[in-house]
């Protein structure tokens, strides 16, 4: 079975909304998977997938591991822990991390994999679970060229395009910068629609004006529509997740010594939204804090 | 000469770069113009145009006056002054102001025209002189419906589309908000490219990533390119003009009682660029202040 | 009557709360006054004071005019207007302006007085009306040395001390900076007490701690007490006045090209307080905007 | 030896500049000490002090341990580590932590001590090593009342006064808020002196004005003098330490959900100072970033 031998043996750890959508893509492409998730029930029912008892076990039988985990803490546990990916991954294996993590952890992962004789490739993604299901993610990829090359056929199933950034730290930084751009654009839209409404311009009219003229990007359309419509639930990306990513960008700003003042403005508004109990609202809801500072009502349709 | 009678008699006052490009469009469309500019030499040589000795004289023989002036001070002089538009414009005439002015002045102009039996239509534009020459401006128009209707055939020559906003104050506010969105986007690009460069991502690579994925708007492309290339001269829109418009947005924020914190961040960086003697650089040069705070070199190619 | 001849003939224009308290001091010191106020009723009943029909008339019989006016607009009218101080003041006279005005206007006043053969001394004050009544103001004084010398005996009655700053513009700038320091300190106290309260530290306890240890200044005590007690009415200095002065500082920051970011933060919170209808609250009420962003209740005892 | 028995057996761990000054005070008061420091040489030569081989050993023979450590990481190691304070401290012992740490760690320490049958008292201090040597620190103390009572005689030797705040988390928060107030005041002074200098007011003159009138606190005098004189070396408290504390305040702002915008402004300027290579300058050097944004020269006398 030459074909089987040519196929990489792939493990997938972390099957949250995003991870599951990506794993599903790989299964549908005919790649046999070894999968693991902390909550086992979420690991069931994927095509071509064998459910493993630990991340270590999943990795042990794989050439390539893809991980999709919530944050630095989860990555430390699931990758660097005693039962983690690194403990199982054979020498020469490649681990592709798609999580949005800190620069500091990205550096640690590179070192830890190198010490274990394997390779860490960072490939955080732009897009939401529904885009992942359609294979429309953008992959921001960084790592040793040979390792990226080996991961390339698998990555090709996950997204519509891959942008190579250099090192894993640079790939992670690029993701943090993209999310910072999104947060900042939400902030701009929040401020502009609020001031506009105070002057009698309905938010949908302003968003329409902006998207028809100079600001016709998916971000302005998407978040502009959410803000104009007051539609923050269900969350595509919830306030605490957005705040986490903005704070990772601010941490990077400290580490690399480059101030990022608009991130602080957005951070303050995300915190104010949390203070109002909006932890399960979409991070576009930072606009609610802007509206309240202008004494406009907040509605959630 | 039925045809001549059907054509509106149009005056154009203020023939700076933008005004001249618009007046040229009207002349090329076959509209006979009465023109006036403070510096008379700039009024010469337009097709179909009779040069007048004052704004008052230009307006006196017109049904419709279009003005394109630098700021509140110029509008006060040229429109409300003794030899100004309002002193000349016949009862029933329409004055279309394309300048970016304060909300306060927009309100005063409405009242002054009404008192004089004429009508004020605000129609600030989105786009630069080269777009004006190609008829590719966007017109943000507000005023009494009948007056806008009468101005409509002339406005049709000036831009690729007209967006009606309601009152003149709302049209002016929409323009201030659009410029605020531009200033804010420049700020975001400045911060992101600076932090990226400190982390080893070349600014052109980051701008390319952003425009290829989620931020493919003309503003991100245009200013991203300027910032990535360090190309701030010649200015498309110089730092002091940008600062003026950001401060008009901040004044509107006060008057309408809605904070606009990112405008303050952008304002501080524009001021820092001025402090370095960059008054003749494009307002994209607010990025130079962001770079210097991160101790990156500033170049001007 | 050698004594009478040695006394300067003094006019006082502008008898608001502050002006009246200062004029009262001069009258009690035995200086005969020529007084004027826009609302004549407020000019009545001062000791040793002759009420005049215009600022011009008041100034016409004086060697020295002291003015106390609300803002740039009032100063332009009352000083530079047809019936204003400058029209009446004899050649060689001195005009001491105690108002907080813009740098731009300070420069204009110097030029206008010089052109008229008189002298402008700026002497804005630190302190509130009750301090003025007790002669406890601080005078920040700038102007030609000979003119300041001539004004000196009169100024000595107005405050507990005079600090000479150089030019009138510098005296005005010093006042704007002092008010900026106050606004900034209010902002700091607002943020600290709010965060403290969220963590279980009662605002009075925190203010007490701060004043007992490292921050024992009158400003921290005074505004700390107001904020801790939620006591914003009656206003010592109302939100719109505070906002005006913060915006004058921001205008100076533009003119002199030095960013002033904390002024923008305070400005946004003053605007948010206005948006909640708190125009008649003390400017310490910028703390209410900070509290609301943290979802703490606002009370007004 | 009744007297000896009545004396508490005290251990002191962490003998940096601050810790050593405090330990010296205790020794001079006649309290026999068991001391430990990571770098043993710094532990030698204190009066009445027995040098121990580990924090655990020092704590093992003590009723009361005082610790003075650099940051969260050091506290985790030295207190919670295998050879740490908690492993040695007898049941019923009291540990007084004087370090400035995060709220999160403060909560963890309370729990860990309770689980071990001992008590954690937080008592961060206001003041620098020279104030510690003179016994002039202020102690911000929080913990179980009985434990604070037992620590009281020892604390009395360390400072000029103790302010009780409630829980250890509240004591730590109070310290973070005091440091935030200091950072914010430095920021205000930096902005005011910079704008003043651009307008011709020498920084020493402005600082003198402020301290003579409304701002006569030790913080304004101390940092105002540093900034006015451009005296940032040697550092009393270096830029990275200041940045650490400002970031702890921002972390508290997240955890307690209360925005702290001026902390972000100060943070950005501290980062900009680091970007210029000023890690060994006093944190008053955030003023250098403010000066550079206004294009004023930075000097270090």
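Every chain is named by a letter (A, B, C and D) in the order it is written, and numbering of its residues begins at 1.
Note that in this section contacts are C-beta pairs under 8 Å (C-beta built on N, C-alpha and C of every residue); 3 or more make two chains touch, one makes a residue touch a chain.
Keep in mind it's a predicted model, so treat the numbers as computed, not measured.
Distance from the centre of subunit C peaks at A, each centre being the average of the chain's Cα atoms. When the interfaces A-B and B-C are ranked by C-beta pairs in contact, the top one is A-B. Distance between subunit B and subunit D, defined via averaged C-alpha coordinates, is recorded as 53 Å. One finds 39 Å separating the Cα centroids of subunit A and subunit B. Chain centres here are Cα averages; for subunit B and subunit C they lie 38 Å apart.
The set of subunit B residues that touch two or more partner chains comprises 253, 257-261, 265, 268, 272, 275, 293-295.
Those residues of subunit D that touch subunit B in the complex are listed here as 268, 272, 275-277, 289, 292-295.
Put simply, subunit D touches subunit A in their complex at residues 243, 247, 253-254, 257-261, 264-265, 267-269, 271-272, 274-275. Touching subunit C in their complex are the following residues of subunit D: 103, 126, 138, 140, 161, 163, 165-167, 169-170, 173-174, 177-178, 180-182, 184-185, 187-189, 191-192, 194-196, 198-201, 205-206, 209-210, 212-220, 249, 252-253, 256-263, 265, 290, 293-296.
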